[in-house]
Amino acid sequence: MNNILNQIGIENYIFLSVILFCIGVFGVLYRRNAIIVFMSIEIMLNAVSLLFVAFSTYHQDAEGQVFVFFSMAVAAAEVAVGLAILVSIFRNVGSITIDNLKNLKG
Amino acid sequence: MNTNLSLLLLLAPFLGFLINIFFGKSLGKTVAGIIGTLTVAVSFAVSLYFFGQITASKEPIQIQLFDWIQISNFKVDFGFLLDQLSILWLLFVTGIGSLIHLYSISYMHDDEKMHTFFAYLNLFVFFMITLVIGSNLLVMFIGWEGVGLCSYLLIGFWYKNQEFNDAAKKAFIMNRIGDLGLLIGIFILGMLFNTLDFSTLKIGISGATDLNMYWLSAAAFALFIGACGKSAQIPLYTWLPDAMAGPTPVSALIHAATMVTAGIFMITRMNFLFDLTPDVQSIIAVVGAITALVAATIGLVQNDIKKVLAYSTVSQLGLMFLALGLGAYEVAVFHVITHAFFKACLFLGSGSVIHALGGEQDMRNMGGLKKAMPITFGTMLIASLAISGVPLFSGFFSKDEILLVAFHSNIPLWLIGSIASIMTAFYMFRLMFLTFFKEFRGTAEQKHHLHESPSLITLPLIVLAILATVGGLISLPGNSWLNEYLTPILPKLATAAHHLGTTEYILMAIAVVGGLIGIGLAYAKYIKQDSIPAEDAAITGFSKVLYNKYYVDEFYDAIIVKPINVLSGFFRDTIETSLSSLVFGLGKVTNEISFQGKKLQSGSIGLYLFAFVIGLCAIISYLFLAQ
Amino acid sequence: MINIPDFANASAVQIIFCVLAFITLLTAFLTIYSRNPIHSAIYLVICFFSIAGHYFLLNAQFLAIVHIIVYSGAIMILFLFTIMLMNLNEKKEVHRPRITRLGAIVSFVLISLILIAIFINSKPIVGEYTSTGEDYQSIKVLGKVLLNEYMVPFEFASVLLLVAMIGSVLLSKKEKLEK
Amino acid sequence: MNVSLILIILFVGALVTFLAGDKLASKVALFFGLAAAGCSIVLLNHFNLGENISFISQWISKPNVSFALKADGLSLAMVLLTTVLTAIITFSSFGNDYKNAKSFYALILFMSFAMVGTFLASDGLLYYIFWELSLIPIYFIALVWGNGDVEERRKAVVKFFIYTLAGSLFMLIAFVYLYQKAGSFLIEDLYKVTLSATEQFWIFLAFFLAYAIKIPLIPFHTWQANVYQKAPTVGTMLLSGIMLKMGLYSIIRWQLPITPLAASEYKYIFIAIGIAGVIYGSIVALRQKDLKKLLAYSSLAHVGLIAAGTYTLTLDGLRGAVLQMIAHGFVVVGLFYTAEIIYRRYETRVIAEMGGIRSQTPKFTSMFLILVMASISLPATFNFVGEFTVLYSLSQVNVWFAILGGTTIILGAYYMLRMFQHSMLGETNSKVFADVSMNEGITLVAIIAVLLFFGMYPKPIIDLITPSLEEILNQINRIN
Amino acid sequence: MNTLIAIIGLGVLCLLLEIFNLTKAIVPLTIVGLLAVLGLTISEFNSTESYYNDMIVVSKFSTAFSSLFIVLTIFLVSLSHNFYEKHQSKISDYIAIKIFLLSGAVAMVSFGNLAMFFLGIEILSIALYVLAASDRLNLKSNEAGMKYFLMGSFASGIILFGICMIYGAMGSFNVSDIAAMSQSAELPIWFPIGIVLLTIGMLFKVAAVPFHFWAPDVYEGSPTITTALMSTLVKVVAMASLYKLLSVMNADISESFKIVVVVISMASMTVGNIMALRQVNVKRMLAFSGVSHAGFMLMTLLSLSTSAGSLLYYASAYALSGIAAFSVIIYVCKNRDNEDIVNFHGLGKNNPLLAAILTGSLLSMAGIPIFAGFFAKLVLFSDTIESGYLVLVIVAVVNSIISVGYYFKLILAMYTKEPNEERKATPFVIYAVAVVAIVLNIALGLFPSTVLDLLV
């Protein structure tokens, strides 16, 4: 069976993931809307997942793909908890702008 | 036997001290006085016994009690050395001491703390004995500092007056300057000879062949500084006149007869050292001569009766140092003894006068006491004649010997000494004339109370006057018992020729004439012209300089005391605070950084993540790009 | 080195990869850039789909489907649900201060440049990519790996989800004592 | 029977005192203090009979630390000083009414425990632990029971603590470094370590920092005067009487033998620092207005001289230093106690507010005067023996050191007598000054008795410390 | 493995107990259960085994640290009862989350596969996010939860990326395989990058500079008991697993990496200590103190092969003093809306025992003998000097000095300021926990060998 990486190259997947990851990082830094920030984190996780799959193909090994399941579980759990926190903040403050969270400082 | 006796000698006064200090108050004044006197008398008796023993055997008595201080290459015993010199000193210390104790019983009777006074006096005698009989420099040093302590206590006996306390403090500190010198001398000697014992030192120094002259001179000089402090020589003499703040018996005992002669004792003790260091000897001679002259000039114009005597003492001590410096230890010793007699007599006499006048010390307010106090007058007159060098009185012999020695070695020194002697005669008779002659110048009330002192006061005066008269007999020119007695201590005496030639007689004549001139001048001025010293404010010209003691105190104050105090203030206010704020400063800076740092922790997630990312970038680029 | 795709001679796979990569990056960027959260969410869904496309490309069909289900289905619904719940719209968000945006851009540029530079600097993978020919990514194999070798982590993941569940409940449940 | 007994007595004493309650605390503490003093005398007896009273047991395997207590003459002398002074200090506090007395007295005993440990420990780490441990009690004593404004006190005490801790931590680095070389913290092993000149220099410096701050030597003394002033008198006594001796003792025990090369290389500098302290301390003391501050600076001057003595690296220097340490310990405790006695009556420490006391209290005056005289080392007091030996050793190194160091006897007399004059003499003070009570009298007499007895007969102590000092000197002079 | 199963079982039991309306029994039962688990763990101490395809590898290291975690959890659970007095209905949730958190922690030190590690750290993190935000009516708690969540997820992303790179290089998640392969010469650069990213992720968890910014805010905002958990248990867990990660996967890390560690360690100590100086809030102060302690613990990474015992000792000493300190803080700050130092004024008079305990724990943190904190620092210094980083030790010492400044600020407040209110009754549990923790700390100080020699 032909390895698909012969046509694309693992480097390209790495670059893709890295850039995607960096976009995620950028999003976390750039946006102040908590939901968008969450989404950015999801982008980061997805970038890594993509790389996992690429490496899984690279090694012709199933473990990488199995790990993606775990990463999905983690992502789901994080989103659940994160949104729960967000909701409770929203109930208290009425806003989800993370810049407003500056009471703790110094 | 000897050990026990020597302990008795030493501890009897100490016992007196203990009894008086602890139980004196309950014993009552008279008993305290008697105990004080008796204990010293016991010491005197023991001294007499030892004197008899040593004249018979001529062997010094060495007593070792216990190890005291251990130094790496030698150890210092606590021991006594009773030889001719120390016994001689013991005799007049305890002898005059007993007389003065006796005198004090009456003199101090009105003072509420008489028992304390006697305790201190006893303590002084105890320390003085320690000083004299110590077998090594350190034991001597115990006594040396101990008498300084007693001097401090007694000068400041009337402690409610802060001026007296100042005087006491000054005396102690001046002495301590000398003591440091003495200590340094002790160190050098210990370093050089690995012993501080007099007898071994003597063997070590005289026996050694390759002596390091530099260090030897240094040691001798350092010891001399010590002597300067204790015996009130230039530049450390200013404490002695101030020390007259103490009760008069104290001035007589400590600041005239005994303690101040400790320096001479020590130098005589260490004669084997000084003989080897001619440079130091000349310094001693010069210092002595200058001291004699300077003090005499100051004495010329003083109006306080005790101050006159004090400067006289300084001047006489200067003469003794002159003799020491010229290597004539026996002459110095001789003068010490005669001086002890007549100066003690003078002080006690002045004490009697002061007593009679209810504490008045200014001669301008005296006069005409001759009739009221004949015994006092008589004894003081004898003593004055003795100190002025009138022939046949003891002072004549001793002073003359000094001048003789000076003439033989150095004419300028002789000249200075002679001038000082003339001045002595002048100011002594100035004192006599102002005090006893003419009319009484004090208040009517004082006049009403004028009386001769009680017999307890006059008795010592008479004894001392007799001694002042006949004291010269112990060392008649040409046939000196003293010289013979001291030969074991001063080996040179055995070889020194003692002949009286024409020169000597001429010199004697000059001295006598000089003394008479001094007396005559005084007579002319204070009896003939009937002049009375001017009030303080009216003194002008050079006599003002003299009256103010050449402004030496002010000078010392300006160049030493004030600068040190200013320095102290500077250290306290500037250096201390800045050192302290330096340390605090470190803390403050850290705190300030912390305070600024708090601003960085702004609470903004964006910033935190930014730091995170930057940190990440830095680490990764350092590890993977910089390599 | 980055291989500039040679479109003229590109194989279908390569073209698909490029297109998918472009869509992924673009939508990811738009997700962040878009000012309306709803739009962001939609872009994100597209992004997830394109990533699923990558999975398909890599022949990981099962994973691709799961991915779509979990992300585009569950997680995105959760997001949208929250957005709706909070009734957000773009007007509420004000621009961040310039300095923050600058910081974000700087760090974005920095981190991507550094990471890419490192990978470019590293030794390129030479030679053929091995292909064992064995089946390693079918549902069957994945199931075996997951439930044999990775049984413990699999079970442990349940603890994770349990914690998340308790946590979410804890954070939103009203207490009896509370007023 | 070995030296750990003293430690046990003191530690148990601290606990029992704490549990005894406020009323009994002082008496219980005194009992244990006396017990410890008695125990140390008994042990001294055993030691003199040639028995081995050291104690050693493995404590930590990695790093290799032993619980090693070695008692030689030097240690025993210091232990004796500590225990006897602890008893005296405890007794001296009887006139005062302390809040929370149980903690107060427990802390005193605990501090004594730590200090005894410091003097006995022959394992570097154990020594360090005791060294640090002794800091905690004094911190609290000064902080909680001190006097003066709370803020000021807090500042002074915290400065003291941080400062001393800073110094000792550098010592810890030195120890750890040495440990890496020696594989053990035992002092014998540390002596055996061969170090290059550079290493010696840095280790020497690290030790010096710790000790210079503790003793304190200039210019590291800035904590001293303030803490002495702010601490309760008991604390001041503990600090000045015993604790600063820890630093001096450590120079002899640890610093010099471990880094002999550096010590002999740089000894002139350190002697000079000591002597500079003498002069500086004396001059600053001249114009102090506060009695305790004046005594603090006088202490600075005295310890400067002692430190200079140790750095001469001669037997005389070491011996004189030890003698002077003991003598100074007693005299300074006595002097601070007189300050306390005056404070109890006049509630002031400002010298200008005193004066005219002598006429009311002859006994107190006499005792005060004897202490003053001892502190300016009048011959026949213990201090003279020490000071003489130290100055002698300095003159062996260079006569100028002796002359400069000897200025202490002039300047010391100056400031002490001035203080005495203005605090005690003069017109009778209008405020009544009750003469010393029984307790106060006993305390002072005990101190004076020690000073005078050993002033005349220091031989027992000299004989006790000399062999161990010779041994240390051999270590210092060993050829690397 | 048994430990892990038992802990999870216990967690589930907690949840079940609530269903059966046995809320009162939850805390005691949990404590008993944890004690049993502790016994179980200790009994496994000397058996080195691996379970389920190397998913869990039980070693001395893992059992020792697991025991420490369990002990800490026992303390924290004991304190919970009192702390959650007003939230009795939720107590089972709180306790269960803590127990699950413990299971995550145990997984983090006994993993044999990176998947287990990842899941462990995620369980830990998510549990913590929840706990930090758990006081949900309190805005501070919300903020703390949110901040922690955002930054934590970010760090999780980094960790995941690191794991991915390792996997890319090695083709396996099994650490023993990875270790074996890391010895071979030809490694793609992905591996070191992965390790570094993983390390950075973990540095975030231990709150090392410059990844520490979250710590003070989160510590301050979280409910006190959660802060206690974070500053003791979680910090120790993160440090231990970082140590384990690095030591298990590649035996020797490169010199330049060590330099990075040195710099981060210095920076953490310095920043932590200096920033703590001016803090008014005690929790915040302890957060910065924790940052500096992280810096200290990072020193163990410089001598990976030998310093496991030192790390265990330091961790125990630090965590025990932290527990003691926090139990006092919980007592003092109960029913107050902040944890400012003002609240501690006069504690020395009001409650001398607790004041003494707090003093003791602070002294331990400052590294004063005879407390365990002293030996902890000592062995660290010793190890570090041995590996040749004298400068780092000197910086550490200077930092110890600075640290005294703020620790003593609190002590001073307790002993020299006047109390501002009447003393209140102290629950027995708080006394018990504080006393036991500080006694354990001192015992460790007196007999350091017992712990130091465990992992030889």
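The first chain written gets the first letter, and so on, giving A, B, C, D and E; residue counts start at 1 in each chain.
Here, a contact is a pair of C-beta atoms (placed from the backbone, for glycine too) under 8 Å apart; a residue touches a chain by one contact, two chains touch by 3 or more.
Just so it is clear, the model here is predicted, and its values are computed rather than measured.
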With one step meaning two chains touch, work out the least steps from chain D to chain E.
-> 1
By count of C-beta pairs in contact, what is the leading chain pair?
-> A-C
Chain whose mean Cα position lies farthest from chain C | B
Argmin over chains of |mean CA - global mean CA| returns D
Using mean C-alpha positions as chain centres, tell me how far chain C is from chain E in Å, no decimals.
-> 31
Please compute the C-alpha centroid of chain A, do the same for chain B, then give the distance between them in whole Å.
-> 98
Between chain A and chain C, the Cα-mean centres are separated in Å by 5
Chain centre separation in whole Å, for chain E relative to chain A (CA means) = 27
Shared-contact residues (touching 2 or more other chains) in chain E | 115, 119, 122, 126, 129-130, 133, 136-137, 147, 150, 154, 189, 193, 216-217, 405
Contacts with two or more other chains occur in chain C at residues 96, 100, 103-104, 107, 111, 115, 118-119, 121, 125, 149-150, 153, 157, 160, 163-164, 167-168, 171
Touching at least 2 other chains, the residues of chain A are 10, 14, 21, 24-25, 28-29, 32, 38, 58, 61, 63, 66, 70, 74, 77-78, 81, 84-86, 88, 98-99, 101, 103-106
Spell out all pairs of chains that touch, sorted by label.
-> A-B, A-C, A-E, B-C, B-D, B-E, C-E, D-E
Where on chain B is chain C touching in the complex?
-> 604, 606-607, 610, 613-614, 616-617, 620-621, 624-625
Hey, which residues of chain C end up touching chain B in the complex?
-> 96, 100, 103-104, 107, 110-111, 114-115, 117-118, 121
In the complex of these two chains, what residues of chain A are touching chain B?
-> 25, 28-29, 32, 98-99, 101-106
Complex contacts: residues of chain E adjacent to chain A = 115, 118-119, 122, 126, 129-130, 133, 136-137, 139-140, 142-147, 149-150, 153-154, 156-157, 160-161, 163-164, 167-168, 171-173, 216-218, 220-221, 279, 284
Per the touch rule above, chain C residues touching chain E in the complex are 118-119, 121-123, 125, 148-153, 156-157, 159-160, 162-164, 166-171, 173, 175-178
